[in-house]
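Multiple structures are listed underneath, in structure tokens.
Consider the two complexes below, in which chain A is the common component and chain B and chain C are the respective partners.
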Partner chain A sequence: MAWDLQLTDLPDLARGSALLGAGGGGDPYLGESLAADALKSGAGSVRFLDPDELGEDSLVVTTAMLGAPTVLVEKLPNGTEAALALRALEQRLGRPVTATMPAECGGMNSMVPLLAAAQLALPVVDADGMGRAFPELSMTTFGACGLPGSPMAMADEHGSVAVVETGSDNRRLESLARALAVSMGASASIAIYPMSGRDVRRTAVPRTVSTAVRLGRAVREAQERHSDPFSALQEALPHTVYRHGRVVFSGKVVDVERRTADGFARGRAVVAPDRAVADRTATDSTAADNASADGAEAMCELVFQNENLVARVGGRTVAVVPDLVTVLHADSGEPITTEGLSFGQRVRVFVISAPDRLCTPEALATFGPRAFGVDEDYRPAAPLP
Partner chain B sequence: MRIGIDVGGTNTDAVLMDGDSVLADAKVTTTPDVTDGIVRAVQRLREQRDFDPAALTGVMLGTTHFINAIVEARDLAPTAAIRLGLPATQSLPPLVGWPDNLVSAIGGHTYLCHGGHEYDGRVISELDPGELHRIADELAVNEVRSVAITSVFSLVNSEFELRAAEILAERLPGLRVSLSHEVGRTGLLERENATVINAALGELAERICDGMVATLRTIGLHAPLYLSQNDGTLMGVDYARQYPVMTFASGPTNSMRGAAYLSGVDDCAVVDVGGTTTDVGMLHRGFPREASAEVSVGGIRTNFRMPDVLSFGVGGGSLVRHEGADVKVGPESVGYRLQDEALVFGGETLTATDLVVAAGLTRIGDPERVASLDRDLVSAGLDYVTDRITGTIDRMRTSRALVPVVLVGGGSVLLPEELPLASSVLRPEQFAVANAVGAAIAQISGDVDRIFAIQSGQRDAALDTAKQEATDRALIAGASPGTVEIVEVEEIPLAYLPGNATRIRVKAVGDLAQSTSAPSPVAHGRGVR
Partner chain C sequence: MAWDLQLTDLPDLARGSALLGAGGGGDPYLGESLAADALKSGAGSVRFLDPDELGEDSLVVTTAMLGAPTVLVEKLPNGTEAALALRALEQRLGRPVTATMPAECGGMNSMVPLLAAAQLALPVVDADGMGRAFPELSMTTFGACGLPGSPMAMADEHGSVAVVETGSDNRRLESLARALAVSMGASASIAIYPMSGRDVRRTAVPRTVSTAVRLGRAVREAQERHSDPFSALQEALPHTVYRHGRVVFSGKVVDVERRTADGFARGRAVVAPDRAVADRTATDSTAADNASADGAEAMCELVFQNENLVARVGGRTVAVVPDLVTVLHADSGEPITTEGLSFGQRVRVFVISAPDRLCTPEALATFGPRAFGVDEDYRPAAPLP
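For the complex of A and B:
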């Protein structure tokens, strides 16, 4: 069913998107501010369509921002880039766009299509092509199902527009887009993956924006009630495409190591088990959360490339991409991005199972562990017994 | 010799120090006109230990005055926020997300102009002097006396901010100008917010600083006046006139630095127990750990360097409530009425201080009045306080190892000599005036925070450049050559960018040079490239 996203939903959407960003996807506060501005200067709300409501031959185009998170927070967009890219793609395709859609639902890109939608009076499809955040444009369920990303249009704040054609070669599209984005100052907007309503239903991860709102709301309401945000998430997830999630580790960040390789922020973080009360008494509820309760010294290691890719406890993999490994503040349940991870934070590592569309053989070949150089097979994170 | 003064909300503390030793200390009540309290505190010092004012190398002052002005939206100047970045950045104009009362308190004048740089130093668009001339005309009409200028990526290239300032100042003599590259870090909105706050405080800062200097002169003190800033280091009073925003978090910083100094422990948890609240922070190599997340001040998102301090409502004046075995202390407090309301002073209210006296941990007031208190209640109440502090230390500590804990503040008598999670517990002499000691011993710093394009194999060279710049800035700011050391290096590689663009933050710190003239604001190195 179609629904309207109101200004007041934005903080929940931002929190939920940061959660689904699995540590990546950019500054959710910025996305929220941009979307708020777009809603305030537009109709005050944006209409979201369920994928089932799309006509077979309607034309859907995803919109997103592309760039380095640290650049995005400094060189803010002028706000019309995404609409400009969408219009350019429309012109190239020679037919009007019916609706826009997020390319990824994690981080600020779940909110960027709201800018274009508010300016062009278009609806947004409640679905996306990642079900989370991934670092490359080629890493989508659309691509895994054989849809080409091109033609793609990219626009910058000067009104410069580039249209790129790479046929069905999405990897080549990614590399050209990256080079263009850098020359546009490492922050630009794109319209990409034009597709029919039929293709949306066949390839997209459905209802992820409403899910982000729902998860963000669950955390907020738990905070307001002073109840446990982690149980609130655990209760909310079974009603979504994500099915389940749980805390796999609680502790304190004791090491963060970052390096740049091939244009990505790669690195690892180490979380030491939290023995808050155990030093004094025998009853330690937080330590009991840790999968390592038997081996008290086990640490949790997180490997990331923009997003968290793997969580290992005591050397044993407990979750791996495309499952969502997220780091949340231990008390509030607020998500922490990989750029925001720092020494001394008290956190919980929360794993959310990837939607089915992220787990097909084709999808795993596109963004499974080995696509990130992690030499392991994907094994779905187990639900709570 | 030097004098350290901490002007808090309730008390003004002062110490006279010579080298490493505290020669005299004083605690007086803070007055609405803060200078009165300062005068009385200094008089107390002189009563204890007469000294030759000419022998003073400096008076170091910590104050919460400026942050309070923002929180209360008072005494702010009509201010314009001018941003250079068109055609980028239009999506979120200046003052976005500000509370309405603060926007109207400063008049809410905002302008977007051409300018700005890309992350790698390319120009987004050239500066347009015509735009700035038109703004100057409007500012004159609206009687705006202070402007904040923020250019995109000015930490990479500050040229446009400097040129815009020149153009405006030519047209409007006497205009106060705050430049974002001298005030904040990467993150346009947060840096712009900090710069606007700084600009809005300009007139108040000038008045307060002039008043303090004049007050010190009238009581015969001619030594240079320094204010302590957020990171535990000093700025000359002329610098404070220009950058009042840098004093925002000096209170907790001073008490932590003072605690380290008095105890001789550089890596520890510091617990500062006051009458109403307790602050807990971590010291690393003698400096407070900075908060990593954005800090909201008066409802405005900023990215000031703030110490990472957790506060909770337990102090000497906290009320003790009990239902059966369940005992809670705070967050309600009798505050400054402790001397009237606590049982040991003949009052009717059971406070944390009464528990301490009943347990025989200290002698304040009349112990007889609490002699009949239930023993279980007393120990349950003190355990509650210990638990709160232990839990907070646990949230703050950075490894599982036990941490040394240093207790300061007048209320610290509440705490036992041993704490769980603590490898040792120290309560230095003069614990009650640690704030003023922290101000007196503050050092001078220089910072660098910008994005470097690091060519292959050039990482060390880039780091060396940053370290040298930070050191130079500390020296220009008044640090003594030979004492400057690098205390912090942080590298953040930027995702997506080629050429290993890396954000490097470096802080250098040194002892205050023993000259008697304060560094001039023009010579002050912060942010100048």
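For the complex of A and C:
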């Protein structure tokens, strides 16, 4: 069913998509602010289409920002780049676009299609190509199902536009796009993966935008009720493509290392079990066990490349990509992106199971652990016992 | 007047354009070989149009290869890239191209338009945008006269294509194009500077292809007659836009330093006066004085960035960009590119005065000495006394 996203839904969407961004996907405050401006200048709302409503041969094009999130935070887009890229791709294809769609879930990239949609009076498809965020353009369910990202259009805040074609070679497209994005000042907006309605249904992760709104709302309503936001998430997830999620560690951030290299924000964080937190959670109805083999003193290590890739407790992997490793403020349940992590934060590490379309052999070959240099097999995170 | 370039003209064009390439412009043997293949597969000749023959509103697009010459030598193009780029730009512009044109003079880039022309059955304009070679796309008389290079199309040997638009910002275009070229494997072909026939007449350096053929032929005929090729060049130049040229140093290459950085081949060479050469030239009717303030022992230093930028003898500048500093084999008069320079070569440094269109204040601001970090004013090389 089609539905309208209103201005008042934006805070929930920002929260929920930052959660599903698994630490990446860009700055939710910036994304929300740009989307709010776009909605206010446009019709005040954006129409979302369910994948099942798309005509077989409709033309859907995903829009996104590309670049290291640490750069995005400092380099403000002007908000018209995605529409410019979409129009350039439309011109190249010689036919009008039916709808745009997010490429990934994330604070920024769930919002970018709203900017293009509001400016061009287009609907958005309630689906995306990752069901979370990933650091590379070629890491989509679209690509894993054999769809080419090409032709792709890119635009920057100076109005520069590039249209790139690499046939079916998505890795080559990625490498050209990233070189262009770095040259455009380390961030740019793109229109990519032009596809039919049939291909959306066959390849996309469905209803992730409405899911993000629902999860963001669940956390907010828990905050308003002064109840536990982690329980609220846990109860909301079974009604979505994500099926289940749970807290795997509670503690305090005691170390964060990060560097920006090759256009990616890479690094690691260490969370120490917090006595106070551990005591409180022990009496909590949604008590989170620090899932250590060695007892309460084990540390939780998070490794990230834009997104959190793996969570290890006491050296043992408790969740690995494509499962969603998220870090939330211990009290509010607000998601923290990898660039927002800092020493002393009291947090819970919350793991959400990956949607089925992320777990096929083709998908795991594209964005399983080894695609990120994590030398282990994917083992789905365990649900609550 | 229109004229046809035949297969048998290619060796003279290769030699003459390598000479006008001032040490850059790519590998003349590779360029000649690719052009010969293209002519043989096509009509066997290519029609050249004089700038004066172009209709006011005809559409002319320059074609070229982009990349460091040291890379070009090792990475063979397949010869179809320029045609692919030209077609992509034509599609973007929505109208057919009347003719292509070289962007610069050089062993490779005087030939690339022949490939596109032979494959697409198009004529070539007898003119170019540098009257020599320069290391950057934005260093054209077109740009100095205010023409945008954008939109530009680029293609590589895998068939990848990118169309880039930067409005009137040629430096931004250069930077995006170079990032793409590096990402495409450090070389690619481009179609750039779409312009009208009127603009060709207003901005291009005219008749440089026919001049290259004439100069290449003058050297060859001197070789065949066992007469002095340097005198032959000196006598041919006054009938061209170059007006005059002369030997400024004779000697032996005793040092060459080069490195590839940021897509450019940068370096310097030192030529020592060669006793044997000096003795012979002293009895030679076209005797070349080693133009030193300090007598015969002064060294000649050449600084290059793809092309030779400056020639200094005994520390004193005898020629500087945009004048053409060329290095020729002492016996044959065959030009040596900066990547072909090596220890022990007996050479003459031959300086050709820059065409008028390279010496306007706008042109000198774009590609005068300071544009290359050479901290001196342009002083035109002196003609023979």
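We take it that the second predicted complex is superposed on the first by the 364 of 385 C-alpha atoms of A that agree within 3 Å, B and C clash if a C-alpha of one lies under 4 Å from a C-alpha of the other, contacts with A are read in each partner's own complex, and residues count from 1 in each chain.
One rule holds in what follows: a contact is a pair of C-beta atoms (placed from the backbone, for glycine too) under 8 Å apart; a residue touches a chain by one contact, two chains touch by 3 or more.
As the structure is a computational prediction, the values presented were derived from the model and not from experiment.
In the superposed model, A:192 makes contact with neither chain B nor chain C.
Once the two complexes are laid over each other on the shared chain, residue contacts for A:165 go to chain C alone; chain B is not touched. With both structures placed on the common chain, the touch criterion links A:298 to neither chain B nor chain C.
Once the two complexes are overlaid on the shared chain, A:319 sits clear of chain B and of chain C alike.
By the touch criterion defined above, A:39 lies against neither chain B nor chain C after alignment on the C-alpha atoms of chain A. When the two complexes are overlaid on their common chain A, residue A:175 makes contact with chain C while staying clear of chain B. Using the contact criterion defined above for the overlaid structures, shared-chain residue A:339 touches chain B, although it does not reach chain C. Counting residues of chain A touched by each partner, chain B versus chain C, the larger count belongs to B. In the superposed model, A:10 lies in contact with neither chain B nor chain C.
Comparing the two complexes, residues 158-159, 178, 182 of chain A contact chain B in one case and chain C in the other. Residue ranges on chain B touching chain A, taken from their complex, read 85-92, 96-97, 116, 118-119, 122, 124-125, 152-153, 186-189, 282, 289, 292-294, 301, 308, 390-391, 394-400, 420-421, 451, 491-498, 500-503.
Residues of chain A that touch chain B in their complex: 29, 33-34, 37-38, 66-71, 73-79, 115, 135, 157-159, 178, 181-182, 185-186, 252, 254, 258-260, 263-265, 272, 275-276, 279-280, 306, 339-340, 342-346. On the chain C side of its complex with chain A, the touching residues are 88, 92, 158-167, 169, 172, 175-176, 178-180, 182-184.
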